[in-house]
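The structure appears below as structure tokens.
We just call them A, B, C and D in the order they show up, numbering each chain from 1.
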Amino acid sequence: MTETGGPAASGDSTEATMTRIRASFDKQGMMATLGVEVIMAEPGRVEMALRHDDRFTQQHGFLHAGAVASVLDTACGYAAYSVMPPDAAVLTATFTINLLAPAAGQRFSIVGEVVRAGRTLVVCRGEAFADDDKRPFAVMQATMTALYNRPGIQG
Amino acid sequence: MTETGGPAASGDSTEATMTRIRASFDKQGMMATLGVEVIMAEPGRVEMALRHDDRFTQQHGFLHAGAVASVLDTACGYAAYSVMPPDAAVLTATFTINLLAPAAGQRFSIVGEVVRAGRTLVVCRGEAFADDDKRPFAVMQATMTALYNRPGIQG
Amino acid sequence: MTETGGPAASGDSTEATMTRIRASFDKQGMMATLGVEVIMAEPGRVEMALRHDDRFTQQHGFLHAGAVASVLDTACGYAAYSVMPPDAAVLTATFTINLLAPAAGQRFSIVGEVVRAGRTLVVCRGEAFADDDKRPFAVMQATMTALYNRPGIQG
Amino acid sequence: MTETGGPAASGDSTEATMTRIRASFDKQGMMATLGVEVIMAEPGRVEMALRHDDRFTQQHGFLHAGAVASVLDTACGYAAYSVMPPDAAVLTATFTINLLAPAAGQRFSIVGEVVRAGRTLVVCRGEAFADDDKRPFAVMQATMTALYNRPGIQG
């Protein structure tokens, strides 16, 4: 799946990926504020969950596009990070989000997946689902950058 | 500037725009949570301000891309709303954000402007600035939709 | 798959879709110039083929991003058109394309698929493949608009 | 304007930029096929022209979105290239285009400008105008990559 080597062959790959992502995730004030949980992380794919909260709504009472984008961006970012070399840090270069329907529901499942990875740029796709709906209410196409050897920038 | 009629000719246009936007803005839990202020609103252009807060950071301590996107999206949304007919409600269809540099600073100025407006779709551009830097650290290209006659959806 | 009704139930659905798309496709000077073929069309999914041609290269001798974008946009446009009501015309509102690798190859397969469709906006995803490579070298996220009752605009 | 040094101070900067761009531009089969002209190039800004031609139309007789995207992408690419170090080659990583109105006209003016440039990524904005209309009918936000030391890839 990736030009950086793809999913590791060793059995502990998913566990190691999860540990590396969690260490970075736990530093994010934004994720704690939104109450986001990491549900699953494996090389090239990350799933997160978010609950409806009136603190994060737009004017019609649905979840704000920016809240949805925050979690989709983070899921895509960690999907990218999971296939980067261990010494890389990850930053978002750009993303495009389409809001297909209002973010109406109680629990939102957000998935980020690597489409293709190079050494510097990793392109991901994200999808957001509300409750039991099988159709996404939001989709993202994101470009993540790997940074190397930047003092103070890691994870 | 717009196909819906452009900036109104009457002297109270900016004030009326500001009132209409504020009524909608005040219903947004997300804007209250982020502590966003509306600095200025006139037909086709809206400026907002956001302060650095550790509750909204990513893993390197900078403001999260999703927090920046939330405010850029809102500024673009209200710029679009300001040129829509009074009976329209505004929703984000899609946006693309580029993060040009880390969101490092104390106070962020976020501007949304209408590029061109039709009856259903309004395209906007947004720029985000940190402190006194004249160069944007983030830019957005956004497509907003006007909704008409949807029960429960207004503003 | 779509809010407009999804794939039709009748057995001739795919054939009718193909006929409707071909009538529109045959009016496109751009598709004739690029030598694009419609390989397959069914409700919600369209596949096209393009061959390498030195008339459509960029400066390094690969296919130009704009040529790839032209066919991805068209495949997404007809995927959207295939789920629109018969009286709708289709126009591109916006798309985002990521070029994941140079467009190097002899024959390119380009697929457009509907992600979710409303009455006015239909969101699609596209993927482009070179020769026998199973990984896409380009991906697109596109927003198509349905136009109704515009004189002179049909198909 | 740029982190790579910005516009050169010497008086021949614009001329040198023009020469470097033209050498690359002349290798593009796609630009010759579309009949595109480089009108102006200076560090950080490039303007091109395109004429209506029935060979490049979509189904309603307007210029195809892909033809417009091809020239906007190229104008943005050379705007980026104009501020890159002389040993860099330029490739498109991703772009988003909004079609604001049909591409109806005889002569189209297409402008690409650098928003901000780093060593690896350069972000640009493009605008396309028809005949004497002062409002753009299409806008682009593009991310260009600088490649260094890739055998066979230059310009």
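What we mean here is this: contacts are C-beta pairs under 8 Å (C-beta built on N, C-alpha and C of every residue); 3 or more make two chains touch, one makes a residue touch a chain.
It should be emphasised that the depicted structure is a prediction, and the values quoted were computed from it without experimental measurement.
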Of A-D and B-D, pair with higher C-beta contact tally: B-D
Distance-maximising chain from chain C - centres being C-alpha averages: B
Distance from the mean Cα position of chain D to that of chain C, given in whole angstrom: 24
Inter-chain centre distance, chain B versus chain D - centres from mean C-alpha coordinates, in Å: 28
Intercentroid distance (Cα basis), chain D paired with chain A, Å: 32
Touching two or more other chains - residues of chain C: 93-94, 96, 98, 123, 141, 143
Residue ranges of chain D touching chain A (in the complex, touch as defined): 93-94, 96, 120-121, 123, 141, 143, 145
Of all residues in chain C, those that touch chain D in their complex: 24-25, 27-30, 32-33, 53-61, 64-67, 69-71, 73-74, 89, 91-99, 102, 152-155
List of chain D residues in touch with chain B within their complex: 1, 96, 98, 100-101, 115-116, 118, 123, 125, 135-136, 139-141, 143
